[in-house]
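What follows is a set of structures for review.
Same chain, two partners: subunit A is paired with subunit B first, then with subunit C.
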Partner chain A sequence: MLAVGALLHAKQLSRSPFEITTALIVPVVQATLAVYLFRAGGEPGRLLEAAVGAGLMGVWSSVLFGSGGAIQNQRWLGTLEMIMLAPRPPALVVLPITLATALTGTYAMVATLVWGRLLYGIPLDFARPLLFAVAVPGCILGLGMFGLLLASTFVLLRNANALTNTLEYPIWLVSGMLVPITALPAWTGPVAAVLPTTWGARAVREAATGSGPVWPSLGICLAISLACLALGALMMTHVERRARAAATLALA
Partner chain B sequence: MSEHAIEAVGLRRTYRSRTGWLRPQRREVEAVRGVDLTVGNGELFGLLGPNGAGKTTTIKMLNTLLVPSGGSARICGYDVVTRTREVRRRIGYVFGGDRGLYDRLSARDNLRYFAELYGVPGREQRRRIGELLELVRLDGRDDDRVEGYSRGMRQRLHIARGLLHRPRVLFLDEPSIGVDPVAARELRQTVADLAATGTTVLLTTHYMAEADELCGRIAVIANGRIQALGTPAELRRHADGRRVLEVEAYGVTDRQLAAIRTLPGVREASMDVVGAAQVLGVQSDAGYDVQADVLRALDGVRLGRVTARQPTLEDAYVAIVNRVAEERPIEAVAA
Partner chain C sequence: MTALLRLIGTGGVIAYRALFNWTTPAMFVGTLLVGPLFQLFFFAYLGRQLGVADDRFYIVGNAVLAASVACVFGGTMAVSNERRFGTLGHVLLSPRSRTAIFLGRALPYALNGLLIAVSTLTVSSLLLGLRIPVTALPGLLLMLAAAALACGFFGLTLGAIGLRFRDVWLVSNVAVALLLLLTGVNVPAAGLPAGLRAVGGVLPITHAAEGARRLVAGDGFGAAAPALAAELAIGLGYAILAAALLKLFETESRRQATLETV
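== the complex of A and B ==
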């Protein structure tokens, strides 16, 4: 069910003209942003790191807007009630949606790297290409599971869009996707440490640049994500009941 | 097997909302105010009522989408609050309108996804989906994206989706809304066929002819309560002892309508707009001939056809609903 659900949701998402346009434009913007940031910072030698970071931002945006936006889209389509009516645990119903958004997020990573290569000549010389090929899907899977925890909130709230907008930039900033965590205020450290995005981004960066061992970071990312999945599953059951009590499954 | 497919006792639902942050206003609307009903296995039961009467809220409490604020309900013997999953395995839900489907997927993909959600075994899915596409006459267009479907086709796909897991109880919430007459007739045939094979159907509709043709029993709900319940013939008796005068007119004012309502012998007066014309319906006691008085009250208004006839189920429905029209849903606004 998870595979069929994720595949069909990915199909539905990838046929949206809005999604297609966004997918074409956003990676170019993010690649440009990253390249000029690093050039301005006097670190042109770290352009690959910049491109990978920008790609991760794209994955995060996809998961975040996917989890929130997809739930809201289901509400607009009138399908949220229909899928929640299925005799399955609510988490199993929603997980394929967040996995589908993570899948479409993979494209953001690839597109950002390709645009970085084509427009700015960033050499795609990965220090550990095989590990990079493992770390990216691992990170995306982790973020998809994290998405379930976010989605549980979005099932309850009719105006979930407001929440997704406020979460996008703080999370990629705190997770060190583009700016090193060491450059941020000390109080952000504990927040970063519990976010799977921090460890996923670190694993991908380590695989791309060879700056450290990949497995520990990837392992921590997946462990935190699994905890998020378990917590999300529990929350989803609770939230589904709250949503039925508060009548927020439907648009009105 | 439980004796009744659907049982509701004192079912109530209050919607609470809050607006504003600095001076929040809380609003409560009591949408359903104590509904009692039982529907037997294999019965085709109609729930009629005006907009906002509580039909959809009642259905959503019965199909587990809403938690009741009070009372209890059972589907096939399972409580809708505590045995949600057991209830969901046994029910199908179809609502009217364009929404509720994945537009950018094909009909087959939509059905495949819902078959997975409803636990239809993989080896059975292909055959079941094929059967249902044939039943709702979408075979041949099954690989087209739903966004290109007409409303009638979407409605038929909704029905196919609702039947995937062979539910014992099917909730049809205004399935023929916005559907053209030919498609509506096909829908009615499909619903009648389902009931004939033993599926319990709870149907809400605005179309009296549809309810009259299909339903064994009908409940009229208004103001959150069931106002009348019985077979179509029994309900028609609510208009016994009455006659109906219909006047086609152009330019009747609210004041004239109000004056007609106060005429001796007049029980109900309502007005519909059909195209450019107004159709004034006046129900009166059978012993009174109100035609002359009504035409006098319409002095100066251009008139078309004037007909007198025996009351129908629709007239009985109007009589029942108007009887409670003065009552409003209890709303409380608190700071």
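== the complex of A and C ==
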């Protein structure tokens, strides 16, 4: 059910010119910006890291905006009641949507790597190609599960879309997707440590550059994501019951 | 003349209030005041780590750029939301000048952008320890106002495109991302290829950011005046372009009966 649901929603998202073009163009612009910044900073040897980082930023944006708006989008499409009527726990119905947003986020990763290779000649010399091929889907799965927590939290907020705009840069920053965490103030350390994005980004970067063992980071990312999934499922059930009782399911 | 100014001023304010009618102060603060701050911090820390430029470069540049999101999306929404909410036909049926109606709508967004830019500059300067000469403040305010106005008209131009194309949000999203790259706010202009620099030269923000940096560096208003003039000229150019596109697309939409269907 999760696989079919994720595929269905990924297909639906992939039919949207807005979603696809945004997932392709904006990360490419970010990647270009990162490449010029790294070049200006005299770090041409880290361009692969810049491209991978920009791709991860695109994945996070996709999850954030997709999962943040998952419930609201169903509400606008008029399909929320149908979904909630399904004889399955609500979390199982919504999780495929958030997984799909993470899946479509891979367009960003692919786009930034291809763009970097074709336009800037960045060699795609991954230090551990097989582990990179594992770390990226692992990170995406983790972010998809984290997305469920976002979706269930944001459903409580009337202006969730506005909040998603605020959360894009802080997570990019604190998770060390382009800026190393060590360059940030010390108080951001504990915040970074509890975010699956931090560990997912670290695992992908370690696989790409060989800067450390991949499995521990990936394992922590998935463990935190599973905790987010459990919390999100509980919250989703609570929210759904409350919305049914108050007859506010279709109301923003 | 008074009636025209009333149409521009009051009409713009009413449209602005309608746009923000459903939001809350907390969301306004979160999205428009806090969001740009995090963007600034992101690039300031990245710049520090890479040694591309000092904090002043990023703080001033990103503070000027902070006006862009509200102004570009606001200007876009000023037109495209009329279609979304089904009121476009009513506006276009008005016997008054639609050019004045829509150009007036850019003004509250420009004021909004100015507020955001000032707030971003103030808070980030306090947090990251940037000292701005007091004598530079009036010029800086002018520079931020010019940038906000230019961005508002730039957004209105994109909104006019929304009369013709359905996915105007796509255009706005890409435009905002391109402003990050091409305006020299985050990558020093010298680090960009000549082609990208040329494109940046006709975008809002570029000249204002350059002028603002000169002012904060203590170069005086005289040194920043050409940049201010360039930013104002670009704003005027986008205002004229927006008016022309609005007129053209309105005529085309009426002729092809595609006002609400494109």
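Criterion: the second predicted complex is superposed on the first by the 244 of 252 C-alpha atoms of A that agree within 3 Å, B and C clash if a C-alpha of one lies under 4 Å from a C-alpha of the other, contacts with A are read in each partner's own complex, and residues count from 1 in each chain.
As a working rule, a residue touches a chain if its C-beta (ideal position, glycine included) is under 8 Å from a C-beta of that chain, and two chains touch if they have at least 3 such contacts.
It should be emphasised that the depicted structure is a prediction, and the values quoted were computed from it without experimental measurement.
A.B. asks: First (subunit B), second (subunit C), both or neither: which does A:Gly176 touch?
C.D. replies: After superposing on A, A:Gly176 lies clear of both subunit B and subunit C.
A.B. asks: Does the superposition put A:Thr21 against subunit B (first), subunit C (second), both, or neither?
C.D. replies: second
A.B. asks: Regarding the shared-chain residue A:Val93, is it in contact with subunit B (first), subunit C (second), both, or neither?
C.D. replies: A:Val93: touches subunit B, not subunit C.
A.B. asks: Between subunit B (first) and subunit C (second), which, if any, makes contact with A:Asn165: first, second, both or neither?
C.D. replies: A:Asn165 sits against subunit C, while subunit B stays out of touch.
A.B. asks: First (subunit B), second (subunit C), both or neither: which does A:Leu184 touch?
C.D. replies: second
A.B. asks: Of the two partners subunit B and subunit C, indicate the one touching more residues belonging to subunit A.
C.D. replies: C
A.B. asks: Is A:Pro196 touching the first partner subunit B, the second partner subunit C, both, or neither of them?
C.D. replies: neither
A.B. asks: Using the superposition on chain A described above, determine whether A:Thr79 touches subunit B (first), subunit C (second), both, or neither.
C.D. replies: The answer is first: A:Thr79 touches subunit B but not subunit C.
A.B. asks: May I ask you to decide whether A:Tyr36 touches subunit B, subunit C, both, or neither, giving the answer as first, second, both or neither?
C.D. replies: second
A.B. asks: Just to be sure I follow: which residues of subunit A are touched by subunit B in one complex and then by subunit C in the other one?
C.D. replies: Shared contact residues on subunit A: none.
A.B. asks: Can you check the complex and tell me which residues of subunit B touch subunit A?
C.D. replies: Touching subunit A: residues 15, 63-67, 85-86, 88-89, 93, 95, 97, 99-105, 109, 112-114, 116-119, 145, 161 of subunit B.
A.B. asks: For a test of understanding, state which residues of subunit A touch subunit B in their complex under the given definition.
C.D. replies: 1, 4-5, 8, 11-12, 15-16, 77-79, 81-88, 93, 241, 244-245, 247, 249-250
A.B. asks: Which residues of subunit A touch subunit C once you look at their complex with the stated criterion?
C.D. replies: 17-18, 21-22, 25-26, 29-30, 32-33, 36-43, 158-159, 162-163, 165-166, 168-170, 172-173, 178-180, 183-184
A.B. asks: Please give the residue numbers of subunit C that touch subunit A in the complex, ascending.
C.D. replies: 22-24, 27, 30-31, 34-35, 38-39, 41-42, 45-52, 167, 169-170, 173-174, 177-178, 180-181, 186-188, 191-192
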